[in-house]
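Order as written gives the chain letters A, B, C, D, E and F; numbering starts at 1 within each chain.
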Amino acid sequence: MFFHRQELQFKSTPDQPDAVYARKLQEVLGGQYGEITVAMQYMFQGWNMHTPGKYRDLVFGIASEEIGHVEMLATMIAQLLEKAPLGITGDAVQADPTVAAVIGGTDVQHAIVAGAGARPVDSMGNPWQGGFITASGNLLADFQANANGEMQGRLQAARLYHMTDDKGVRDLLSFLIARDTMHQNMWLAAAAELQEEGAENLPVPSNFPQSKEHGAVSYQYLNFSDGPRAADGRWASEPTPDGKGEFSYHEGPTTSAPMPPPTHPDSRFYGTTELPNVVEKIAGRAQDLLNTE
Amino acid sequence: MFFHRQELQFKSTPDQPDAVYARKLQEVLGGQYGEITVAMQYMFQGWNMHTPGKYRDLVFGIASEEIGHVEMLATMIAQLLEKAPLGITGDAVQADPTVAAVIGGTDVQHAIVAGAGARPVDSMGNPWQGGFITASGNLLADFQANANGEMQGRLQAARLYHMTDDKGVRDLLSFLIARDTMHQNMWLAAAAELQEEGAENLPVPSNFPQSKEHGAVSYQYLNFSDGPRAADGRWASEPTPDGKGEFSYHEGPTTSAPMPPPTHPDSRFYGTTELPNVVEKIAGRAQDLLNTE
Amino acid sequence: MFFHRQELQFKSTPDQPDAVYARKLQEVLGGQYGEITVAMQYMFQGWNMHTPGKYRDLVFGIASEEIGHVEMLATMIAQLLEKAPLGITGDAVQADPTVAAVIGGTDVQHAIVAGAGARPVDSMGNPWQGGFITASGNLLADFQANANGEMQGRLQAARLYHMTDDKGVRDLLSFLIARDTMHQNMWLAAAAELQEEGAENLPVPSNFPQSKEHGAVSYQYLNFSDGPRAADGRWASEPTPDGKGEFSYHEGPTTSAPMPPPTHPDSRFYGTTELPNVVEKIAGRAQDLLNTE
Amino acid sequence: MFFHRQELQFKSTPDQPDAVYARKLQEVLGGQYGEITVAMQYMFQGWNMHTPGKYRDLVFGIASEEIGHVEMLATMIAQLLEKAPLGITGDAVQADPTVAAVIGGTDVQHAIVAGAGARPVDSMGNPWQGGFITASGNLLADFQANANGEMQGRLQAARLYHMTDDKGVRDLLSFLIARDTMHQNMWLAAAAELQEEGAENLPVPSNFPQSKEHGAVSYQYLNFSDGPRAADGRWASEPTPDGKGEFSYHEGPTTSAPMPPPTHPDSRFYGTTELPNVVEKIAGRAQDLLNTE
Amino acid sequence: MFFHRQELQFKSTPDQPDAVYARKLQEVLGGQYGEITVAMQYMFQGWNMHTPGKYRDLVFGIASEEIGHVEMLATMIAQLLEKAPLGITGDAVQADPTVAAVIGGTDVQHAIVAGAGARPVDSMGNPWQGGFITASGNLLADFQANANGEMQGRLQAARLYHMTDDKGVRDLLSFLIARDTMHQNMWLAAAAELQEEGAENLPVPSNFPQSKEHGAVSYQYLNFSDGPRAADGRWASEPTPDGKGEFSYHEGPTTSAPMPPPTHPDSRFYGTTELPNVVEKIAGRAQDLLNTE
Amino acid sequence: MFFHRQELQFKSTPDQPDAVYARKLQEVLGGQYGEITVAMQYMFQGWNMHTPGKYRDLVFGIASEEIGHVEMLATMIAQLLEKAPLGITGDAVQADPTVAAVIGGTDVQHAIVAGAGARPVDSMGNPWQGGFITASGNLLADFQANANGEMQGRLQAARLYHMTDDKGVRDLLSFLIARDTMHQNMWLAAAAELQEEGAENLPVPSNFPQSKEHGAVSYQYLNFSDGPRAADGRWASEPTPDGKGEFSYHEGPTTSAPMPPPTHPDSRFYGTTELPNVVEKIAGRAQDLLNTE
């Protein structure tokens, strides 16, 4: 169960409205790596988790904080929109290019659909979608996804920090960036703990028997581009991070197979087949039809 | 530029057709973490990269291999579909539940739309979409995303391995799983190399000045759920992975702020406002209208 | 069957072109509550309806009018776009910020994709989609959805009215707003008639036996936030609109249950399980593998 | 801020696993009218609200409950999936049509992507999306949307009730259905209260000056289909629900206008124009080209 | 304006219900090339057309017919669903695999969402979307798109014809297939007429001055795969269909250029740059920060 | 297999950055008819093809070239974005409308998400999606789709040509336009060759037995709009392009059928039925309930 307290985790008020910036801020609210994504991702990881205890407590503990971050961003956006102009176009644009420019930079659905309110969309107006989250049941894979989410999120927030000089907005971003610092560290620590405890290991999933994989290519770097410097990385010649092999470097594939012959599905799918077969095809077609009578 | 060779990297032929399994295999072709995703992700990372040399050669080298994996899966799927039944329903279903069951398990667009061919969709028929990829320009963040992609991908391939006993399909999967082993290791090695060389560090992005973040909460675990065992993890009391702090544990938030007062946008957005203000609202409305004459 | 007459229901010509406004007008053409939505919604309600007679005649009668509204908006948009600038950027932007501002405010696909024509998208360029409509087969629920559609639609049209001072555009909007007035009233009247005739009642669906619902909580207001004033509404203490109960007010839930223990699916899904079980897990894994040989 | 308690509002455990039903239950979790939709819808209404007090407390109070309903459904789905078969196809299908049938009825991403866990998608696997919610800033319109959401939701839950005979699942549904009963009544009561207090009225938005709408058609039923019985409804001849007019009935439109002449955008959009103009078009094209040198 | 007549263009009643087939039929109602697509496509082409007269009359004439086809399919689907089972799973599946198989093959939203009615989705449940249509303003391009739409549509209908032996369904399909025959011929005739009249020609758009294209490669077949037989086609050595050139065949590209050097955007985007530049990067970063104080 | 060469097919460097134009150029990279679409479309046609030889070599040969076009556009876009402003809004907008205008015209995700890099989206920011491609297995239909794709693509590139005066960008476009000229001609030639060889014919699919279509309407023009001039086209009275019939012209439908009676699904779907039946409905409902005990 979830309970709401009518308070925010941090002050979220801009010094002044800025409808253009409100649109940009939507990215970290409703974008691929916005707060809705991490909130939902951690919740679904919790609901699907196969183990009670510290890892489940961890994902639930942070999931709830993240809904609160959605809330801080939504209230910030509503305030940034408070003086959103109606945006009369036509002659007005001729008269005042600045007003026109502002209109051009806004999410026009903020005005038309939400009446100057926040929306569950990204900075280009694409709706948030369930396809953004990751909750696989394998904690090592998922904590990797979580660390990535917090890295992309902090990166976007850092970029947004430089796109405004509003003190109030920057204060909120400095808070969110700090929490992203925490959460990056936290998921990396949790991933390390899983491995130390022997619960999961590399490669993920670690208990798929490696005898069943085609081991000859498990640690080969195969270069399918002609850039030669890929051979200089540690992925070309050193022991592998999973501690189970050594990288080797190869120009192009070390295996190959001929393309299989084309398929010939039922002729009633009306696909085009080999020309030499056209006559047989017609005959086959006739036979099919007899059969379907 | 890309060049195609009419050969596959590995043999991709099933022992026998299986239209139900063909649909499942779509997940690792066109799903969130399928081969189209990694191919596109690495290509866009290459095109957007700000540095020549080994990292760019790396992403191009692997990107091209991954398009070849798309190809192997697509040709495998077409072969699995080769004997796809037309799937006559009606009386036939009554007569043969096995046929009916098969129909129920297939992607019916395989038959109706593609004439027994592969499609750029996932195992539930959702089209692949650009929103699945990550290419931020920051290599440490993106290599984390890549490692996650290969982990989720290997996990799904391992699950799919157990969902068939077709030797030909399992051979292909054992090859793809081995390459995922390589690619997981490779991206983790590349992420490590970036940090050793001092090009990037934690937290991402490492050159955003930490003095600008709200440092008080940068290493605090804040527990917003009532599960007590989150305090037992190393994210609650040990040095942080970025080497810059020490985790501390707190029940709930360490900061708070009152919710800001509601906003009052232009009355011509027709939002509902406070009831005591109804009279003024009507007056304001009247004034607005006079202004718009 | 549908027949087209090359006439419009109302004059739809702007006084002057305005490519920025054309983009905004897309919202009521192709947005969540645009005319395509209501046209499609009423048509599908008609095709799925289980009763002949006045209700079916009603939805067909209005559905056809709404396609005509799509037409009026599309022709209006095409005219607003008639002088759409090519929008040369580069030096031109430096030279004339007004031109640049206009470009910024437009739907650039209007120019690039449609050659200055209308498109089936909303004001942020998201394509119209079937997921916007509601046609459940239950008329009381659906007439409620219809009334909502007309309310949101009239609200958006009213906002758009204030975003232009073009007389021709305002004339069209004043016509559409009037029809929305009619349609709001009409669906509310139809919903009332359904209830008077006893065909449907509250709560929807009214013939699901209420004995089968967990009646103890059917009329309880449960407050999961800490705002105390929710207790002041008529939803906290008065007879309920369905005439079958009386509202009561409660702080938080009146029921609760422990979270069920975590699930343990087949180990071949490679989910992470409890740590104490790791040994057993490996053993189980071994057993599974033996079984799959 | 949101706080999580590791308890459920109601017992959510099936008597036995049922992977096919798990997929169906996704509809009320992640569908157009599922619990994610109402949770998000009420939250955004709260964040965008222009008035403090009982209405804001109301939406926050219920929003938080609804996230808890998402949680109950997600944990139920995970349990229904606990014995989800790996679903080996091929020979197995031939051998056991029942197993095959089960596979056909499941969401295969439950197994492949989530490792037997719940997902933020509907019963056909479409991801939940932000485009499902409504939060316009106008409370009368939005409470109408909320009532509709609860009606469609209760209708779907009632249908799902009959699709299983599992006692545990039915218990949960009977609880959710009861809460939907409450929430339908509650939003209708809140909508009524808004009107009694004079905060909002019909038609929505009530303070758009009706003098600005094309009043002649504001209460006319215009029949664009040939079904005559639409004239029998109270929407054809009685006083209107907004108390401001009287319905009248008309066969077809009472207004019309000629279609405006076709538009002629800049010739560099390469649209096809009138044939008699081909010569001029070529000349114009030449002129344009001269201009662009 | 559009007017509806409560009659169908052709009899649309199945001999018996078949919920599995109902789902398949959704493809030609709401799929990429379903009837909604062609109806919408022709309407938007009409509304955006720059010429009055026969071509506009043509697109409007057919657009309206196509909405009627949507209607025939929707009513057919509703009838196919009339006896749709509730689909009780659990023990029932064990008892009767045939029932289970049927459930597996259905669109479960037909039952849960639409109460046994048609929906604006394709056969895998993806919603119809505006991104499916084409209306560019250039009639030759668009008639080509239309011919393609009718070809894909007829192909799918032909496949569907073989997936049922229901006489009523086959009758409807034989009617729709006949109309697709007409419409394929019609659009090809219209495309030919445009060229004969000199209104448009190949290549589209024909009045873009070919002097401005890089003419050296305008008629070269460049082979980027290693299949040698592409040299055997008439696209390798004969006069081109536009009558303006002659095809020539080349192994691989005839032009090439070095990849441009990597870009170096503002350092505040935090992209990773060349390693030798790390020192300068930090210095630059410091300078940026001074500038932003 | 695919191999990458770190070279471009043509020089792709702008004379100067232009972030607004970068966004427009996304259309031909990631839009409905952008280069990703044609690359993917031709690849899937190749993988699904039922015939070896020249047609398969053809689609693979061009598919690979098209990925290289994606690459040229992506590198061009990255360079156009190189000086993308951070876009500080707030006071800055007031001070410099030109800067503001530029911001308004950009894809803000270019900056926030990709750090000044290209993305797999169209010019309005909608992600590329698998639903854009066509690969049906029938080559005549698909080559028609391909010709359409190249026509729409060349049309969009021609429009984009006029939207910039940057010499470098225009050079790239003149190259791409020339390749589109080639590809239009090529697909039309290939379609002609298919017909000459007798592999496929009109109408598509040509081997569906025309005796099974409702031949009476196969060549009738049925006018559902009131524009009389559709009778003037060659589609109204001449021999049909498939050489099998002669067009005839008819005002409206030549066939009709009454609408089928409404359906009556299981009452537990809770649809609304005829009012005279309400009593029976309740009785039926009671019976159902007895049955479900």
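Criterion: a contact is a pair of C-beta atoms (placed from the backbone, for glycine too) under 8 Å apart; a residue touches a chain by one contact, two chains touch by 3 or more.
Just so it is clear, the model here is predicted, and its values are computed rather than measured.
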What chains do subunit C and subunit D have as common neighbours?
-> A, B, E, F
Self-contact between copies subunit C and subunit E, residue sets same or different by half = same
So what's the Cα centroid distance for subunit B and subunit E, whole Å?
-> 26
Roughly how far is subunit E from subunit F, going centre to centre by Cα mean, in whole Å?
-> 5
Separation of the C-alpha centres, subunit B versus subunit C, in whole Å, is 27
Which subunit B residues reach two or more other chains?
-> 1-9, 32, 48, 53, 55-57, 60-61, 63-64, 68, 75, 78, 86, 97, 100-101, 103-105, 111, 113, 115-117, 121, 124-127, 129, 131, 136-138, 140, 155, 158-159, 162, 165, 205, 208, 224-225, 227, 253, 256, 263-265, 268-271
Within their complex, state which residues of subunit D touch subunit C.
-> 6-13, 32, 53-58, 60-65, 68, 75, 78-79, 81-86, 111, 115-117, 126, 129, 131-132, 134, 136, 138, 140-141, 144-145, 147-148, 151-152, 154-155, 158, 161, 171, 174-175, 177-182, 184-186, 188-190, 192-193, 202-205, 208, 210, 212-225, 227-235, 238, 240-242, 245, 247, 253, 255-260, 263-266, 268-271
Given the complex with subunit C, which residues does subunit A contribute to the contact?
-> 1-6, 48-53, 55-56, 86-94, 97, 100-101, 103-105, 107-109, 111-113, 115, 121, 124-127, 136-140, 194, 197-200, 205, 207-209
Residues of subunit B touching subunit C in the complex = 155, 158-159, 162, 165, 268-270, 292
What residues on subunit A touch subunit D, complex-wise?
-> 1-9, 30, 40, 43-44, 47-48, 57, 60-61, 63-65, 67-68, 70-71, 74-75, 78, 113-121, 127-131, 133, 135-138
Within their complex, state which residues of subunit A touch subunit F.
-> 16, 18, 20-21, 23-24, 27, 31-32, 97-98, 100-106, 122-126, 155-156, 159-160, 162-166, 224-227, 252-253, 256, 261-265, 267, 269-275, 278, 281-282, 285, 289
